[in-house]
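Before anything else, here is the set of structures, which you'll find just below.
What follows is chain A paired twice: with chain B in the first complex and chain C in the second.
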Partner chain A sequence: MLFSKECKKILHSFTYILYCALVILMVVSQYFGESDGKVYPPVKGGDDYGYKIEEDHDIIMSSATVALTTEYFANRYVCYPFGFYKAVHLNNKEQAEVEKYISELSGLDSKELIDIKNNSNIYNYTDGTHYYSDYNVMDVPVSETLTYERFTEIMGDVDDILGGGSDYAVESLVVRFSRIPMTYEDAVEDYNELIEDDKITGAYARLFSDYAGIVLAIVPVFVAAALTAADRRRKMNELIYSRKTSSFRLVFTRYASLVTMMFIPVFLLIVIAFVQLLSMYSGEKMDMSVMFTLPTFWLLPNIMTASAIGMLVTELFSGGAAILVQFVWWFMGLMMAGTAGLDGMIGKYTFICRHNSLGMRRAFFMNWDNFVFNRIFYIIISLAAAVVAVLIYDMKRGGRFDGIRLFGKNSIFRRKA
Partner chain B sequence: MVSGCLARIVYSDVKHNFLIHYIVAVCVLLVSPVFFSLSMLDSVLAAQPLEVFVPLIGIVLMTPVFLPEQNDSIYDVVRSRKVDHNIVCILRLLFSVIIAAVMIGAYVLFMKHCDSDVTIKHFIGSFANAFILGAVGFTFAGLSRNVIIGYMASVIYYMLNFTLGTKLKYFYLFSMIHGGFEEKKCLLIVASVLIIFTLTSRKIIDSR
Partner chain C sequence: MNEKIVIKNVNKFYGRKQALFDINLTIEKGMFGLLGRNGAGKTTLMKTLAVLHKKKSGDITICDVPVEKAKEIRAMTGYLPQDFSMYPNMKCDEALEYLGALSEISKAECKKRITSLLRRVNLIEHRHKKVRELSGGMKRRLGIAQALIHDPKVLIVDEPTAGLDPEERIRFRNLLCEIAQDRIVILSTHIVGDIEATCKNIAVMDAGKILWKGTVQEILENAKGHIYTTNVEKRFLPQIKKEYIVTGMLAQTDYVTVRIVSDAEPDLPNTVLTEPDLESAYMYCLHSNGCDVMGGEE
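Up next is the complex of A and B:
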């Protein structure tokens, strides 16, 4: 009864209409724009079959050592800490630390490194308003005694010195330094994986979730904040507070109705995407269930987390504060996901999971454990946030707390007379 | 005497209602070096923080113009006063726009000081983005009488610039990153039209 009342309230709110419009616009313009053509087997003799990630430790160690040495010589390290360009210049102490690490990676001492620097071709170029001299380092040996584990430790330390977001971040090493062009045979294998392993729907389910996930990591907060703030706005608080129903039931029913209502348009879009696949690949063997299970497991935690944060911060402060918190989280998450790579580079705590490709199945499954951990983690976080929202609601109901006001009477910024 | 009264309104508003928004806007600018390089950038690279990040202060400063009277009881009290509520809102908006322009100007000068290749065009471009983002929020908040809807509309518009990109044509916010500038004129005109439309519509609705 209470559940259906809350659902009705959400259905008639303007924020929900805007939410539906944006989710539909996003999926139609991005996913359906890309999925409207059938994928055909690769043709022999093509110029470009894309690239693949081959986790070859020798290639990674060799390419990363050369790249680090090149940037060390120029003392100019290009980083993308939040998806945006940042050129890092180190001081003498930090440069000395990097040199120590390069010596350990290569087995070369300072003098030998200077020899490499002197023997490298120098080319000058402009980046921004600054003129740089870069060194064309062709080859730097990798120490024979160096293990891959120690190598990743060193790279992690170097990334810390650079402030993060560099190519040497441990989670980026494989993608940055072990990416090789695909041959015709590789392209055929990639296509076969789409048909046989992914049973078609797996690949499309990932692409659908990738696009929908961007918008579902932020927009639910508006609907949740508007619904939570509506009681205060309509002066219904006192009336609801005096009811017999428990705070837990009130808040969780509202939370459940928010998540349900916001998942409905997503589910309908999944159905439409599925019907499109059925018509495009009629006669091919398809896994029917994965088109529903994967996007649900992928997207539901986004809706749950953004809604719970919206409810919690609105109860604690205000709707505006909830939007600010979720926007900052979304912006950083989106930029960091972009920096890590859009092909299945999913970390344990990445909020916005990305896999912007129909292929690259192996890259996605390389991080499958992270993905499962990640989604369960966010489900737990969202439920914990909802429980805290219950506690705050209960304190307000009992008159023990009135929220931290940012505006008006008793606001934290208002000077008392 | 009238100007003294208006000055008191502005002072009181800043003190009681807008201080938090100014603090948030300053914080947005202060955290930007965490995300972006600000020194020794050419004109295209310099456009990145100025088009993508700095304009967010437009949402922070312009969207909540109607917030203090969002509560109907307060709105009724304010409407009964001698000074027209619309004039108060115009004053607030003007002050927010001036503050946004000053903050963006200071940011551009700081980048110039850091040897980045920034010009008056960067200032205008960044301000145009802040102005349109703020105007969208102002319009939706003003017409729906709910500031959350205002924030939602401007964030949706901002988000569409990442997903639809250049398909937005004259409404594309990140044109300077791609070497364009023509779009900025359109953004400034549309933002001005939105603001005039909102104020007029509210006046008509209130008079009924």
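Up next is the complex of A and C:
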């Protein structure tokens, strides 16, 4: 009874309507924009068949050495610890260590490295806040005596110096640095995988989840926050606090209804996508279940985590602070979505999993273990966040806690002062 | 089961500020009035009874159940806060159904009670109206209905008549009296008229302390010999207000009849010792307990 009433409440809220509109807009403009044409077998004699990821040690060593040298020259290393963007700047001692490793990788000494730096074109760019200069390093040789084992050791050490989450992390090397152009034969194989292994729907399920995952990592936080804040905003909290029901039952029923309601439009879009595939590929053999199971496993943790965080933050903070924290989440979400856009790049802790391609099945399955770990990790995180939200709710209900305030008369900063 | 509330030596703090000082009260079945000025600590005490606030020390039992057993207390307590509302888009019966679900009442039972309660609070014709369309008085009556949805043994009502028009206030008081026939009803208010019309037993609070407890008759007795009336010319009013606690003024053609609370007979012409009403008795109670009372001050 309570579950259905909470669902009805969500259904009538403005934030939920906005949520539905954003999800539909994202999926329609991105996924349906790309999925409306049938994929045909590649034509022989084409110029570009895309690229593939294949574990080629020579390519990995060469590309990684160039990339590391480029970042070393600028002393700006892009890392994604726990999936979040971070530009790392090293001190002189750490830079010297990296230089030592580059010398070992390339067989070049300091003077030769400086020559490469001086001969490289500099291009400047800005992210809107800072101006950066990067060196367009064209070629750095790889030492002939370097073995792949030693190379991976060096890369591991460099990743440690950078604090983890860099492109040089051993588990990222293949996906990051071993991209090679596909031949016609490769393209045929990729197409055959789509038809035979993915049974068509598998590939489309990944593309659907990729696009929907971006919006579902961010927007549910606002719906959850709005629902959680509604009691106080509507002066209804004391009427609810004084009820018999347990805090656990109340918070978890609300959580379950939020997740259910936010999954409904996603499910309907999956159905539409599935019907579209049925009409496009009529006569082909399709996997009827994967179009539903994969997006559910992929996207539900996003909704669960963002909802739990929305509830937790709103319970923990009062007034403007909750809104501020939601915007921090929004910003981080956008940053993650914008930077993790490579195919098959699914880290263990990257909140937004991406695979922005219909093909490249092998690249995706190369990270399958990471993907499964990642999704289960976020389900656990979300449940843990919901349990903490229950504890905080219970404290507020019994008058033992009134939410952290960052602004105004009862701000934590003022109290300390 | 012992149908009473026993409050023993209860203290409550907000941070370092003490809000309740050693409160001792026993509240039995029927209407009980808690009278006090704004900021006297009435709401704090009400919320402590409704398990919305945690006391620092002391004991509270409601029908023999210690207040620490929050779930049991919540099951037997109905609470109507001073400042409340409901989801504006919900219809009256939907709002009650929602709160009934939170009180863990079965759907069938809840529906039955909603109809009976809406009839009782005279809102049956408005059951499909949205909460935002209700007047202030209707909202309060809906508030009473929600507090009674789980048929509690205790009803705690905090300043329920503030802002209501006289007709609605009378209707509300009568409703509370009816409800109090088979349960404990605690009415917290700063409006003496509400207490006078409904309660037999009362307590007077000020600055977090209980100043007085007993029956209405007893507080009237207590004020006997300290309430006077006098007829004075209008021009002397400011001076009288400055010197005495004035609890009432009735303008006549060329003079004003003034009601005064005083320990000794005022040194004014035509002064007559008079029977106390509850308002004057309450003012005398505050005055005799050393509270700063300026009865005639506007």
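By definition in this document, the second predicted complex is superposed on the first by the 281 of 417 C-alpha atoms of A that agree within 3 Å, B and C clash if a C-alpha of one lies under 4 Å from a C-alpha of the other, contacts with A are read in each partner's own complex, and residues count from 1 in each chain.
Quick note on the criterion: a contact is a pair of C-beta atoms (placed from the backbone, for glycine too) under 8 Å apart; a residue touches a chain by one contact, two chains touch by 3 or more.
Worth saying up front: this structure is predicted, and the values here are computed from it rather than measured.
Peer 1: Looking at A:R400, would you say it contacts chain B, chain C, both, or neither? Reply first, second, both or neither.
Peer 2: second
Peer 1: For A:L250, using the defined touch cut-off, is the partner it touches chain B, chain C, both, or neither? Pick first, second, both or neither.
Peer 2: A:L250 contacts chain C only, not chain B.
Peer 1: Which partner does A:M1 contact after superposing on A: first (chain B), second (chain C), both, neither?
Peer 2: In the superposition, A:M1 contacts chain C only.
Peer 1: Of the partners chain B and chain C, which touch A:Y40 in the superposed model: first, second, both, neither?
Peer 2: So A:Y40 meets neither chain B nor chain C here.
Peer 1: Which partner does A:I240 contact after superposing on A: first (chain B), second (chain C), both, neither?
Peer 2: In the superposition, A:I240 touches chain C alone.
Peer 1: In the superposed arrangement, does A:H12 touch chain B (first), chain C (second), both or neither?
Peer 2: second
Peer 1: When the two structures are overlaid on chain A, which partner does A:F222 contact: first (chain B), second (chain C), both, or neither?
Peer 2: A:F222 sits against chain B, while chain C stays out of touch.
Peer 1: If you count the residues of chain A that each partner touches, which comes out higher, chain B or chain C?
Peer 2: B
Peer 1: Chain A residues touched by both chain B and chain C?
Peer 2: In chain A, nothing is touched by chain B and also by chain C.
Peer 1: What residues on chain A touch chain C, complex-wise?
Peer 2: 1-2, 5, 9, 12, 230, 234-236, 238-246, 250, 397-400
Peer 1: Quick check: in the complex, which residue numbers of chain A touch chain B?
Peer 2: 14-15, 18, 22, 25-26, 29-30, 81-82, 84-87, 126-130, 214-215, 218-219, 222, 225-226, 229, 233, 319-320, 323-324, 327, 334-335, 406-408, 411, 413-415
Peer 1: Taking the touch rule as given, give the residues of chain C at its contact with chain A in the complex, in rising order.
Peer 2: For this pair, the touching residues of chain C are 47, 50-54, 70-71, 74-75, 77-79, 81, 83-90, 94, 97-99, 101-104, 107, 110, 143, 146, 150.
Peer 1: Using the touch definition from the top, list the residues of chain B that touch chain A in their complex.
Peer 2: Those in contact with chain A are residues 15-17, 19-20, 24, 34-37, 40-42, 45-46, 48-49, 52, 64, 67-68, 70-71, 115-117, 144, 146-149, 151-153, 155-156, 159-160, 162-164, 167.
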